[in-house]
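In the two assemblies presented below, chain A is common to both, partnered first by chain B and then by chain C.
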Partner chain A sequence: MSDEGNIEFKVAILGPRRVGKTSLITALLSESQKLLAGTPVSIASVGTTEARIAQHKNDLRGSLLAGEFHPGALGGTQAPFTFTLSMSVNKTAIVWAILDYPGGWLDARTRGSENDAEWERCKRWISESPVLLLPVDASVLMEATLKREKITAQHLLQIGQTEEMAREWAKGRAVAKQPGLVVIAPVKCESYFNDNGGLVDKNEELYRRVVQAYKPVIDAVRQEMSGTTGLSIQYHPVDTFGCVELQSAEWRAPDGSSEQAPLLFSATYIVRPPGQPNPKGAGGILVSICRQIVEAQSGKGRGFLSELWAWLTGGKRRLRQAVEDLSAVPLGNRVRML
Partner chain B sequence: MGSDHTAYLMTAGLSSDDYRFLGRAPKEAFWRRYADYTSFERPSAVVFCKDGAFRAYLSGIASARKDRTKTPLRYTLVMEGQARTPAAESLLFALAAFVGDLVHVKPGPLSPASLGEALDKTFPEEFVEAALSHLRDTDSKDTGPLAEVESRIEKAIAALPRDTHAADCHVRFFCGGRASESARATLVGYAERLLIDGEAGTILIVNLASREHLELMGGTEPSCGVLFAGESGEEAHSDPLEWPPKKGFPGSPKGLPRAFALREVQAEPGLSIPHLGRIILRALRSVRDFFLGRRPANS
Partner chain C sequence: MENAESVAAPSESPRERGHNPLIREAIAHVIARRREQLPRMEAKLEAWRILDRRLEDLEIALDDMLLHPSTPVELRGAVNDFRHRELRHRVAECVSKLAVVRGRMSRSTVNIGVSGQARVGKSTLLQSIAGLGEEQIPTGEGIPVTAVRSRIFHSTTHARATVTLHTYASFRRDVLAPYHRELGLSEPADSLDAFRRATGILPDETLAKLAPSQRTLAKRLRDMVRALPSYEGLLVGGEREIPLAELRSYVAYPSKEQEDENVVARPYLAVRDVRIECAFPRVDVDGLALIDLPGLGELAAGAEEHHVHGLRHEVDVVLLVKRPVEGMAYWSEADGKAVDLLDRARGAIRRRWDFVFLVSNQGGAKASLVDAMLGSIRRDVNEGQDGLHYQVLGCDAKDPRSVYEDLLAPVLEHLANRLAAMDAEVLVDAIEQTRTARDQVRLGIDDLMAAVREHAPEMQAASEELWSRVSRIQKDLAVDLGDLVSDLLRDARVSTEDTRFVAAVTQAYGRAKTCVDEGFGMGKDAWIEEVLRTMRRDKNSTPVAARELNRARVYISEQFCEIDRYFDDRVNELWNRIAQITGKHFGGLFAGASGVSALKLMAKLLDEASEPCPVLSTAVQNLLRLEIRYRSHLHPRVRRCLDTLNLEVKDPETGELRTQVTVETSQQGAEMLQKRISQLVQQAAWQSRKALLEDANTAALVLHAAAEQFEDSFIRSGDSEREFLRLGRSYRDEIWPGVFSGLDAKNARIAKVRKECKSVLGALFAMESDEAA
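Up next, the complex of A and B:
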């Protein structure tokens, strides 16, 4: 906590490369801004976050050119970056800080030894965060039908590594007797909902597949935190773009590979007219985080969240009111409690 | 290449978009400290020269190669060695090409320019694929195709056009927008001083930070040249400006007098009266603080 009237709230994200971490963070920040428009809360990105978001938007615009979606225009993240957004009333602020990093770093083989030290810092960040976001590539899960495709999907989503890291996180929470929020956020799911411009509704199927694939992760967290109160695991499907539609998905064996080798997955998307990004579902994550903070008031007075609540209560009434108002925003039909 | 200097190249290939150094990797990610000020995915440079040695990092160099999902790939080039050697000259050419290529950088996806094209010639797809698969299959970092990486980097740089556009730069601190031709030329002139004359200093080419971050980025450097901006409208002020080294120490010990820098920028349109006013005000405050024995205002 800082004496300047600001408090930093760390949010961690955990996901392999190309899953959609950076896009999810960007959607979360811009939807949060929308959510708070017209309230006494001022919301502003801190430092170079705004420039970074602008770059992402430009890349996105570039990938939506001419009615086609070229996902490739968004290259992967090369170095960790902390996105920061301050939510303030009267000079007191909660500063949301979300650490983004290259997903390839989850796997030591693709991390590169020069990044080991920095990865340690990322891991520390994750362990200190009361909120763990797990983006899930919905298309990988939904377009897998054959057995080999399903195995590849597990592989692409790095369920094993995710489980291991989530377990570490939960262990840390349990030891410190701190509550925790796990948000499983399927992205790339525009084609499975009919509430944001799509025509087909496959949301039940998506839910079933996500819960099935992430069962080891969910179980690990529950197990580690079984003696701790205040664990919430939630399901928040997000359209980070909201204006594209899956056209076709292809699973292909790499040239000259064996029967067992993982397949290569690629999906093509078309742009839904008028081609304006229309993210949906990410704002609910902020609402859930605020609920977590509000619920901490009934806790036993330990840990970051209850300290935060105490801080909000001592003279920061208007900011506290803002958090309470946010926590009361309805979560919508997509969200489920696991 | 000999043992006193090294070049490393990072890129990705067809089957994966994981960026790896082909072969050995630099021991320390010395560029990392600027991660808040630049997106390394887009053109960025960090060059340190100290005690006659240099370390350079150039990233966001677009390649014409793409991965299987049609994602355009890019290179990151890292070079280490001694100033005032052929290796330093080689870096200067690479840096000059990199700086010249900035003129083509637009918001949104990158497209290959001179340095990327030169690297593409000596790192064709078959070679990169072979190197990456060798890297996956063996523990050795310098056998098979990996043994050729450095010489291929040298070859690529040797093939770059030698008509570098450098302007004399006499100041110890300077910054400018990358869209300004004179700022780019001044930066190359500054790089000459570091690499060819062996002066100590730092070069930063960043794409997130703006003027307000200069103090944070380079305030503690003995000498520093910065090109910034791009995506968020910074091109609007693309005039090289002297940058006060340290608050509280106007025209600091061995620095050239401030007037030099101001004379230089007068050649550029766009140095607004308010801006000049701010500089003068800041200098006056610094002098006052210095005499009052105060710490710099923002620390």
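Up next, the complex of A and C:
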């Protein structure tokens, strides 16, 4: 799990394809850098992650320059990829390792048997992760008005598959008697908050819709971990880009489809002048993870979090201080405990 | 007066004009449009015929009532004031006018009539246009040769002539009878045999005593009798196809040489009509027909009215041909009479130059005579100004090229430009006249019903049977209306989406989006250019941005206002359902009317009952006032979605106003402004769509409330029961025909008048509902 100077912290993401996982991690990195600014601790993407995030930023910049933003224009993940964000001081670091795999793999029908072995590795990763991150496309939920659109939204968010995977994750945490943090993170929330350049405040409606849609997932995790302490389920809405807002959406029936078939969803976004990315809400996820680590110091047992804490207290004073400082940062008005 | 000279576009040559595909399309469009309107005109005509029959029934009922000695004097006076014969005359005029319109709309061709005095070259002109020769359209020197007018259709698939033959009955009616009338003779022989034996009519000595004008007619009649063996075999009716090469004897008078023979064959007398189909060599317009009209100076006895009638029904435009030759190169009295006749045929078409072209057949004519004739037309017809009343087109009738380029091409262009307007004038005139007549009938009936109400003695015998029947109606209505209200409540409470509402909202949203895509109705480039000009004038982008955002906000609201059509449909459906329920229980009381008209009639009948029913009437009238409107019911809820379409918006974090769009005054700035405003409008339209769809059952809630209110006030209000009884007493014979037969003769006659008045009203309401639809 760690060598002399580094320790790896696994984070699992359960999200459908094209929900915006790469964008979320880019936002997480950007906000984490702001939170750690002025401290000796820095956070940066490392290895292939650096190139990946740079590519993503380039793509985004191109879209923003065009003045009109189509999320579909950013490429989706085609193969499993582990984002590594290194939070380091001197030669010691906590490496946040976030496994991103093709969103389509959540569904066995679209995964394909040739990917079974790789998927097994992903599942193992997920079960070992103390943190389960559930990104949600806010626009899919919020722009669904008609019955067929709402049914399609359920399909697109893969609520059923997410529920199954979350249940497995919770079962594993319960068996290992380990705490767990579930973060439900609606992304692309810029159009529903008025605290980051937007004019309209629909955050209550967003919260209501997310909780209603994810109730089966929340219930499944709670059931599985009912005998375990240390479960926290949190709601972290994130403005992944910060400088866009929804212009219009389209729910279109695929050519030749039946009346019951799910629709295709696409959204067009306006770029708010001057078109500079300004994500908001992702930093809270890092804060919540740090709180989980700090809280583990008082816990018993020999789980990963306890080992991590022990590692931090063994001569990694500055890094431990950074984790403690981050855990003390207020979460703000957007975050809610579920 | 508009100037007829504007008909032709001067920049194009005639040939170019004639082959302009736009002309071909425009004429095809007019024909298609007529076909679309035909069913409506036929329904209208039928409605007026029904009204005529109803008035006839009323007339009989009134006569019958007046005959009865006990009819009160005051009522007799009211009946005399009613002037039903005058009203029937107005109705007959409407029927005739609508028949003319229907005739016009039923034409599948655009018909050009060719007229003019004898010897002006009409037939030559027709030959040139249709590419036919002497055998089909005979011409001749000195004497008239056209005996039967032809209708010639441009056809690229057939080359044939179809002759419609008289029977003796139609020959007697259309050919012989006018001569007999004109000459003061008794009716023509009523059978062919009798006619065959009548060879002795009009001997020479009788002929000699007649006035010269009558003598010509008498001679013609005598010729008909003498030539009978040559055509009696043809008096068999039906159609016969004749080879084009053999047509002449069926359409032409005998030549001078033939006339000099002892017995002259006159097969043309058996011919009612000739239809020729052939390809017009230079014409590129489908559905074109030429109507060869008889020379206006040579009309046979009694033919003028017939001619006007034919023109009205068959011709879209008339070419009145003149020839500038010695003795004819001036505007004669006969020409004046001819245009007077055409003026009558023009009917509701407002401009003379729309309907008639004067054609100067001037090929080979002396220039001095051409000038003299045109001068005479300018002076005597056009009040010194060319084209003031009629446009003159000059051509050489013998030269097909000149006929096409100088005459037909401008006429076709005129038709392409003006035919739809002429149709509209004819239609509007008919509708206005029928509306006026309908109002007059309505007023007359209202007065008559008021008089009957005031002066007629009380109807008798409110029997127990009546009470029991009225009570049953009220209970049955309560059950059916209760079911309806329950249905509507279910609709209002369930979350099933109303697909029609969704479609209406989606369409409105689509229109708003399209408008943005198309540059706010003026094209993207034009919009940018216009905005740039305004910015340069203002030296600032703010005013134009504010103006364009305001315009966009208003435009989006207008698009969503179109949802009112959906609401109207829903309200109409409710009215229809309630009308159906009431109609079911009130027997024949609303016969003929349905839907909203039935409810209006019901309100009127409730008001005008011999025992008025104000509470029930108010319930119906309140129901009829029901209206659901986007602006009043939905717009307040979606108004916030349009807030973003203000130039200045309040920053929610600072509370200060911030300007949404500021651009530099340049081409790039204008393009940026176009993009930004388009995005904001698309966003507002999408948000409006969402807000409306989230509130999709407004209509169901309003309809339920309205139906419940109607049910309460109609069935359960304090006076409802009493007024149901009054209604039953007032209209018992209509509601229960034949059930109550104990009335005395006097009341029966008055009741009959009342019943017929209601029938007339029913016919009027049916007309109104048809018009509203």
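Criterion: the second predicted complex is superposed on the first by the 334 of 338 C-alpha atoms of A that agree within 3 Å, B and C clash if a C-alpha of one lies under 4 Å from a C-alpha of the other, contacts with A are read in each partner's own complex, and residues count from 1 in each chain.
Basically, a residue touches a chain if its C-beta (ideal position, glycine included) is under 8 Å from a C-beta of that chain, and two chains touch if they have at least 3 such contacts.
Everything numeric in this text was worked out from a predicted model, so none of it was measured.
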Q) Sharing chain A, do chain B and chain C clash or fit in the superposition? A) fit
Q: Answer with first, second, both or neither: which of chain B and chain C does A:S129 touch in the superposed model?
A: neither
Q. Does chain B (first) or chain C (second) touch A:T145, or do both, or does neither?
A. second
Q. According to the contact criterion defined above, which of chain B and chain C contacts more residues of chain A?
A. B
Q) Touch check for A:S88: first (chain B), second (chain C), both, or neither? A) neither
(Q) Rounded to the nearest 10 degrees, how wide is the angle at the Cα centre of chain A between the Cα centres of chain B and chain C? (A) 90
Q: Kindly classify A:T162 by the partners it touches after superposition: chain B alone (first), chain C alone (second), both, or neither?
A: neither
Q) Which partner does A:D59 reach: the first (chain B), the second (chain C), both, or neither? A) first
Q. Taking the superposition as given, does A:S32 touch the first partner, chain B, the second, chain C, both, or neither?
A. neither
(Q) Between chain B and chain C, once the two complexes are placed on the common chain, what is the minimum CA to CA distance in Å? (A) 17
**Q.** Residues of chain B that touch chain A when the two form their complex
**A.** 15-21, 25-29, 32, 35-37, 39-42, 59, 66-74, 76, 107-109, 207-210, 213, 231-232
**Q.** chain A to chain B touching residues, read off their complex
**A.** 17-18, 47-48, 50-52, 54-55, 58-59, 61-63, 70-82, 102, 104, 110, 112-115, 117-118, 254, 264, 266
Q | Residues of chain C touching chain A in the complex | A | 495, 497, 502, 513, 643-644, 649-653, 675, 679-680, 682-683, 685-686, 689-690, 693-694
Q: Under the touch definition given earlier, write down the residues of chain A that touch chain C in their complex.
A: 67-68, 143, 145-147, 194-195, 198-201, 245-249, 268, 270
